[in-house]
Amino acid sequence: MQPVATTFFFYFLSAVTVISGIAVITRRNPVHSALALIVALLGQAGLYLMLYAPFVAGVQIILYAGGIMVLFLFVIMLVNIERAQKEEQFNKQWIVGIVAALALGVLFVLVYMKGKGLFPQTVAQLPEGENTQGIAMLLYRDYMFAFEIASLLLLVAIIGAVVMAKKRI
Amino acid sequence: MTERSSHLELEQADKTYLDSNELIINMGPQHPATHGVLRVILKLDGEKVLGTECVIGYLHRGVEKIAENRTYTMFNPYVDRMDYVAAVSNGLGYCEAVEKLLNVEAPSRAKYIRVILTELNRLASHMLWLGTHALDIGAITPLFYTFRDREEILKIFEKYCGARLTTHAFRIGGCQYETYDGFEEDVTKFLKFVTPKIDEYEQLLTTNRIWVERTRGVGVISAADCKALGVTGPVLRASGVKWDLRKAQPYAAYSDFDFEIPTGQSGDTYDRYLVRMQEMRQSLRIIEQAVGKIPDGPIMAKVPKVMKPPVGEVYHSIEAPKGELGYFIVSDGSTQPYRVRVRPPSFVNLQALDQMVRGQLVADVIAVIGTLDIVLGEVDR
Amino acid sequence: MLDYITSYLKSDTTPGQAGNFFWAFVYILLIFLGLSVAVIAMNWLERKILAHMQVRLGPMRVGPHGLLQPIADALKLLIKEDIMPAEADPVVFWIAPLIVVITAFTVFIVVPFGPTHAVTDMNIGVLFMLGVSSLSVLGIVTAGWASNSHYPLIGALRSSAQMVSYEIAMGLAVISAVLMTSLNTDGTGTLSMIGIVQAQQAQQTWFIFKFFPLGLIAFFVFAVAMVAETNRAPFDLPEAESELTAGFHTEYSGFRWSLFFLAEYSAMIAVSSIAVTLWLGGWMRPFPHWLTGETWDLVFSLFPGVTFVLLALITFYSTIRMPKHPYFRVQTIGLAGFGAVLGLIGLLLFVPPVRDRIQDIYWFAVKVAGFMYLYIWYRGTFPRYRFDQLMKVGWKVLLPIGLGVLIVTGILGVVLS
Amino acid sequence: MVPITTLHYLVVAAALFVLGVIGVLTRRNVVIVLMSIELILNAVNLNLVAFSRLYGLHGQIFAIFVITDAAAEAAVGLGILIAFFRNKETVNVDEVDLLKW
C-alpha cells in the first residue's frame, strides 16, 4: 500500500492535526477539547501511515484514540464541568507562557534550519509489507528488557490509578 | 421503613456524579418496567440501591367509596376493575363475603363452576406475570408464548359470560349463567393443550444460566420478614411458609380437591418463579378434578331480590393469584354497604419492595417489581 | 483508460495494493450500497425471524409479507422532526452519531470478500479493524454526555465500560488466531486479513479446527465478546429497555437515531466478518481440500445460483398462496416481480465468468449470514445479563480463557515448528 | 510542489509541541493540561517515527514505548485528578497549592 498523492495528504493531515491541536488548548469545554484531541491523534495516525509506519498508526488508533481518550472522556464526565466552564480559563502567567513557548518554537525552527544538512538524504529501505514483523523482531529481541519494564510500569500505573480513584478499597 | 426521600432532595439531586455518594432517580410513573403507573424513587450509590420509596395513587378510582353508594349487587362489577388480570378471583371474594353476610350458601354446582373459573383465572394471571417478568429481565419470547396460551383461557371466559377481562362471572348466591354446551370439553381440551406449554416455558427459563443468575439470590426476603410485613401468596410461600387459604380456610369447593401447596426455601426471585410455575401445575390438577366431578343441580341459591343483610360485619378472604384478597364489609341493614374495605394482596406485597431491593442493584429492582406481581389497579383501587 | 480499468481485473491483488483508484472507488461504493441493502434486509429478516420464533407474523401490511416495511420505516425516520434537547450540547450531539456511523463503515475497507475483493489489504488489517471499531465507543460516550440527561449518561457509561472490557477478551482471541497464522511453512505470521485466510488455505484447515479444541475455544471467546461488543442481547444492557428506557440514544430521534441503528447493524456485520475471516476460512468454500477436483469445483460454484433460484421459488410459492382478493392484486404482482428478479439474478449467477467471480463473495456472505441468524436467535432466547454479571463474565471468565488459549497456542506453535 | 521530506514532518511536530507547551503553561483546567501533555508526547512520537524513516525501525519501537508511557501517565494523572476533585471540588491547577489536605 503505497502512500498516494503524498503532498496533498501531507498538508491536509498536518493542517487537520495542527488546527485540532489549537482547538485542544483553546476550547472552554473539556469535552470539545478531548474530541479535538481525538481528531489530532487520528490525523497523526494518518501521518504515520504516510511514513510507512502502519503498526504505530494502528497502535495510535487502538490505544490512544480508542483507549486513553475514552478514559479522558470518562473522567471529564465524572468531574463537574459546569462551574469550571464559567471560570477564567487561562492562568495569570499566560502571556509569559505563550512567549516562552513561541520562543521554543523559534528555537526549533532555527535548529532545523541549521541542522538540515545533518540528516541523511536517502530514505532507509523499510519494506512496508513487513513493518509489523520487523517491529515484532526488534521489540521481542533487542528491546525485550525495556518491554518487560514497560509492562511493569503499566501494572504500577493500574494499581496507582485504582488506589487514587477509589473511594474506599 | 425508609426515611423519607422528599421532593426537596430530588430538587437538589447532585450536580456531580462522582463526588456525592447518592444519586436519586425517578423510576416511573411512565416506565416500561413498573407494570403500570407505579413511581419508585430510587436512592442510588452508583448502581447500588440505598433505599426506595414507592409513590402510588396514580390509578386511584375510589373503589371503596363507590361501594358505599351502590347496592350490594351493583357493586359487584366494580371489584373486577381492581385486579383486572384476575377479575374472577376478585368477584369470587366479594360474592362469598356478601353471601357470608347474608347467611346464604351457593349450591355445590355453582361452587364447582366457581372453582374451575377461578383456577383458570389463576393460570391466566400467572401466565401474564411470567411473560412480563421475563420481559423485564430481558427474555422477550416467553411473553408471546404466555399470551398465546392465555388467549385460550380468555376464550373460555368469553364463551361462558361474554366478557374476556372484566368478566363479572359470579353473582351473589351463585352463578348467573349455566355452563354452555361443551364447557367441560373445552376445559379438558385446554388442560391437554396447556400442560406441554408449561413445560415449554420451563424449558426456556428454568435452567437458563442467565435467568438463574439474574434471579437466584435476588430480592431475598425471609419468612419472618414476610410475616411481619403481611406479605402473602406465592411470595410468602417461596420463603418457605406453607400458607395457602385454599387449604387453611377452605372456601368454595376447595376442600373437595386434592392438591399440594408448593413452597420454596430461600425466598429469592428464582424460588418465587418456581413456586408460581408449580402453582400453575397444581391449578391444572384442581381443574381436572373439578371438571371430572362437577355435580348437577341449581346454580343459584335463594337470594332476595333486594338484599338487606342484617346489621353486622364480615371479613372474608380468598387466595387470589397474588396473595390473600380480603373483603371487610360492614352492613347497617340497608341495601347499601356502610363500608367496604379491600385488603388487596398487591398493595401489601408492595411494602416488601424496599426491604427486598436494599443493597441490590438497579437492575434487580426491575426483577423484584416483576416478581412481586403487582397490579396497580389493585394497589391504588 | 480502458486498460487502466481492465488491468485490475487481470491482476491478483486488491485495488488498494494495485494502486487502482477506479476500482477502489467502485469497491467502496459497492460495499456502501451492499451494506445499506444488507442492513435493510437484516432489519426485515430480524423482525420476521424473531416474530416466527415468537409465534407471530411480524410485519405483514406494508408490501407483501412486509417486504417494504424497512423502506417505510426508513422514510418515516428521514422525514421525522429532528428534536434536540434544549440543554444538549449541539455540536457534540450532532457529531456523536456521525462518529458511530463512520467507524462502523470505515472498518469494511479491509474486509476481504475474496482474495482480490477488498478495497485494500493492510499489513495491520486486524489491528486496524479492532482499532477503528473501538472508536465507536467515543461516539456512544459523547452521545450519552451530549444529551445532558441521567438515563443516557448512565447508558453511555455502561456501554463504554462494557465495550472497553470486552475488547480485551476479543483482542486476546484475535491474537491466538494471528499466532496460528505463523505456523505456515515459512514461519512468519501476519496481521493482514487476506494473509490470515491464505494461511488457513496453506494449512488446509479453518482455524476453528486448529489444535482442536483450542481454535474452537478461542472462537467461542471471540463469539461471546463480539456480541457484547455490538451491544446485542443478551448483553444489550446499554439499551436495556426495561431499565434505562433506551440507553445512550434515549434523546435521539428521527434521522440521527436511524444512524445509530445503521451503525449497530453494520457493526454486527463487521465483527461477524472478522470472525469469519479469522476462524471460518473467510472466502473459502467448505471442504476445499477434501472435495477437490473439477467436478466438486463445479458443484460448489453452482451454489450461488441455486440459492437465488431457491429464494425465487419460495417467493413464487408465497405468491401463489397470496389471498385471491382484488385488494391484494398489486401486492401479488409485486411479489411475483420480486421473485422474477431473484430468479433472474440466480440465472445470471450460473453464467461461468460471473459464477467464478462471485464464488468467494458468496461463501463469505453465507458465513456472515449465519452469524446474523445467531444474533437474532440469541435475542429470541436469552434474558439479559445484569451489569455486574456482565463484567464478571468479561473479566473473570472470558479473559482467563482467552489468556490460557493464547499461552497454549504459543507453546504448541513453538513445539510443533 | 516541494517533495515532502523529513523536515516537513519535523516542523509539524514542532508546531504540535509548541501548542502542547502553550496548553500546559496557560490553561487552568487540569484535564486540558493533561491533554496538552498528550499533545507534547505525540509531537515527540511524530519526530521519532519521522526519523525512523531515515534510520530504521528503532524509532517506531520508541514511539510504541512512548504510547505505553502516555497510557500510564494518563491513568495515574486522571486518578490524581479524581482524588483531587473529590477533596477540593475544583479542577483548576492553580488551586492545587497544598501538599496535604
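Letters are used for the chains, namely A, B, C and D, taken in the order the chains are written, and counting of residues starts over at 1 for each.
FYI, a contact is a pair of C-beta atoms (placed from the backbone, for glycine too) under 8 Å apart; a residue touches a chain by one contact, two chains touch by 3 or more.
As the structure is a computational prediction, the values presented were derived from the model and not from experiment.
Chemist: Which chain pair has the highest count of C-beta pairs that touch?
Modeler: Highest contact count among chain pairs: A-D.
Chemist: Comparing centres built from CA atoms, which chain ends up most distant from chain D?
Modeler: Max centre-to-centre separation from chain D belongs to B.
Chemist: Taking each chain's centre as the mean of its C-alpha atoms, which one lies nearest the mean of all protein C-alpha atoms here?
Modeler: Chain closest to the assembly's C-alpha mean: C.
Chemist: Report the inter-centroid distance (CA atoms only) between chain A and chain B in whole Å.
Modeler: A distance of 62 Å separates the two centres.
Chemist: If you average the CA atoms of chain B and of chain D, how many Å lie between those two points?
Modeler: 63
Chemist: Calculate how many whole Å lie between the centre of chain B and the centre of chain C, each centre taken as the average of the chain's C-alpha atoms.
Modeler: The answer is 45 Å.
Chemist: Take the average of all CA coordinates in chain A, do the same for chain C, and state the distance between these two points in whole angstrom.
Modeler: Whole-Å distance between the two chain centres: 31.
Chemist: Where in chain C do residues touch at least two different other chains?
Modeler: 153
Chemist: Can you list the residues of chain A that touch 2 or more other chains?
Modeler: 55, 59, 67, 77-80, 131, 167, in rising order.
Chemist: What parts of chain B, by residue number, touch at least two of the other chains?
Modeler: Those would be 16-19.
Chemist: Once bound in the complex, which stretches of chain B touch chain C?
Modeler: Residues of chain B touching chain C: 17, 23, 25, 31-33, 47, 134-141, 143-145, 148, 204-205, 208, 210-211, 213-214, 361-364, 366.
Chemist: Please give the residue numbers of chain D that touch chain A in the complex, ascending.
Modeler: Within the complex, chain D contacts chain A at residues 1-4, 6-12, 14-23, 25-29, 31-32, 34-36, 38-39, 42, 45-46, 49-50, 52-58, 60-61, 63-65, 67-76, 78-83, 85-86, 89-94.
Chemist: Could you list, by residue number, the parts of chain C that touch chain B in their complex?
Modeler: Answer in residue numbers: 50, 53-56, 150, 153, 233-234, 236-237, 240-243, 245, 379-389.
Chemist: Using the touch definition up top, name the residues of chain A that touch chain D in the complex.
Modeler: Those residues of chain A that touch chain D are 6-7, 10, 14, 17-18, 21-22, 24-25, 27, 30, 33-34, 37, 40-41, 44, 47-48, 50-53, 55-56, 59-60, 63-64, 67-68, 71-72, 75-76, 78-81, 84, 87-94, 96-98, 100-102, 104-105, 108-109, 112, 116, 119-120, 123-124, 126, 131, 134-135, 138-139, 142-143, 146, 150, 153-154, 156-158, 160-165, 167.
Chemist: Looking at the complex, which residues from chain A come into contact with chain C?
Modeler: The touching residues are 1-2, 4, 29, 31-32, 35, 38, 54-55, 57-59, 61-62, 65-67, 69-70, 73-74, 77, 128-133.
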